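For clarity, chains are labelled A, B and C in written order, and residue numbers in each chain start from 1.
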Amino acid sequence: MEELLYWAGMAAVAVNAITGVLVAQHKQMDLVGATTVATATAIGGGTLRDVLLQREVFWVADQAYLAIAIVVGIVTFFWARQRRIAEARFLYPDAVGLALFSVLGAQMALQWQAPWLVASIMGVITGVFGGVLRDLFCNQVPLIFLPGELYASVAWIGALTLIGLQEVGVDDTTSTWVAMAVILAVRAAAIRFRIRLPTFKSP
Amino acid sequence: MEELLYWAGMAAVAVNAITGVLVAQHKQMDLVGATTVATATAIGGGTLRDVLLQREVFWVADQAYLAIAIVVGIVTFFWARQRRIAEARFLYPDAVGLALFSVLGAQMALQWQAPWLVASIMGVITGVFGGVLRDLFCNQVPLIFLPGELYASVAWIGALTLIGLQEVGVDDTTSTWVAMAVILAVRAAAIRFRIRLPTFKSP
Amino acid sequence: MEELLYWAGMAAVAVNAITGVLVAQHKQMDLVGATTVATATAIGGGTLRDVLLQREVFWVADQAYLAIAIVVGIVTFFWARQRRIAEARFLYPDAVGLALFSVLGAQMALQWQAPWLVASIMGVITGVFGGVLRDLFCNQVPLIFLPGELYASVAWIGALTLIGLQEVGVDDTTSTWVAMAVILAVRAAAIRFRIRLPTFKSP
């Protein structure tokens, strides 16, 4: 279980790095820019969580995460120069990454004795802040703040599910899987049925 | 006194959250965007101060701040969708928040044994960085960096007043009230008489 | 040696503060804006390094850095209002600052027991993140992410040189000087011969 989650985490880092490059591409960045944006997208969320909780930053402790992000960033850069990569191909892998990051982030915060609301927000930060950083570096309003299919809110629902289940006595493993499944299911439904939150532009 | 400042701090968090939503509104954000910007505006300054001083982040220790910011953000979002909220109504409440955040931020840094210049800058950061974060998330040059009525400079004057008074032996309570009064008075005068700093655009 | 590096570090902070003001100028900022951008440019890289490594932030420990950055920012602001300052004059002083910051940043991370890849990236962050922050505050895509003469990559080469030399047993002083010389030489060559990295815009 531990090991499975470790490798899944690495895969999620890689998927995030790829989506970072695909956004950087629209800004005509060079190799350094694309790789930096890729790395920030991949490890930015977990970094902010660790800094806010004052835990050792996860990629300082285990540099494999940093290495994966950089290598995937560089490879994707040259791949994307060769031929157009359809961003839509990464919608579902990205949803898996969101589920993993958010649930593990909330879990980590709980083990660190964070109060429940803080823990749920740490889950959201772990899941989505990498994308916010990517958009800041690309000089655009973070996509997740704009009208679009449920994303950050799904991360929050998942994190709250985890915390609620553990509160009523469900064990760590079961609650982790259920919370991830909730995120995947709601996110997939949101993409499929174009479920959105209210926005300022009234209809 | 302690309790009064605590509740005043909560009120300042709420006012900042409101102003965050009012800016987010111009970017046609959705509920998640508006609430995130509101929360970042409300607790961003104190968060940066705590991270730089390596203190436990204040809203991780007491999640009431986080809860207030989120709830006020959500309520203001639906309120602002119903009818236009005049931003000018929040100029003076915001000045009270600035006074409170800056003076308490500097105080906290002093108690943490920060040297005087650092403590004064921590006061400024606590008072204004939330607004900077709000503007970064909204993809605009931070308002306080552009020509306008004195704002960050007022926070600095107030923080320096606090530090100077304590240096010459004035007690904590008196110096806190005087420093806050200085900020309120100078900020009100700046709004009233349109007092500005020199800018690059020469007249 | 220690003292020489200390004063060279102060000089590098000053040079970075100047370049911060020169960029802020294009955004018609006021005195607070220009000074904040100057300070963020000057001390932003080292600050992020210290936060990520959970060391005491260098300018909280020694406020001389903060004082230099603020004073140079203010002086440069008034100087730049009087007459146009050619940015090109700071290309080589900036390269010296890059060499110093990157090598010392990596050195510090190594002494903090960071693994090698992390240490090299800390060197890059120390050298270039101030400029990234400057550009974020000025609401533009960070210059170092866009096509241009080698910059961040040079910092990385220098940091890796330092780490490689120490790995094979070269002493601290020698490896520091060699790594700085490598950065200066490669950066100068990049400026002179317009050496660039591949970008997304294929030729």
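Going forward, a residue touches a chain if its C-beta (ideal position, glycine included) is under 8 Å from a C-beta of that chain, and two chains touch if they have at least 3 such contacts.
Source: prediction; values computed, not measured.
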Rotation angle superposing chain A onto its copy chain C by C-alpha atoms, nearest 5 degrees = 120
Self-contact between copies chain A and chain B, residue sets same or different by half | different
Round to the nearest whole Å and give the separation of the Cα centres of chain A and chain B.
-> 30
By residue number and range, which residues of chain B touch two or more other chains?
-> 51, 54, 136, 139
Show which residues of chain A lie in contact with chain B when the two form their complex.
-> 51-54, 114-118, 121, 132, 136, 139-142, 144-148, 151-153, 196-202
Of all residues in chain A, which touch chain C in the complex?
-> 24-25, 27-34, 36-37, 47, 51, 54, 56-57, 59-60, 63, 66-67, 77-78, 80-81, 136-139
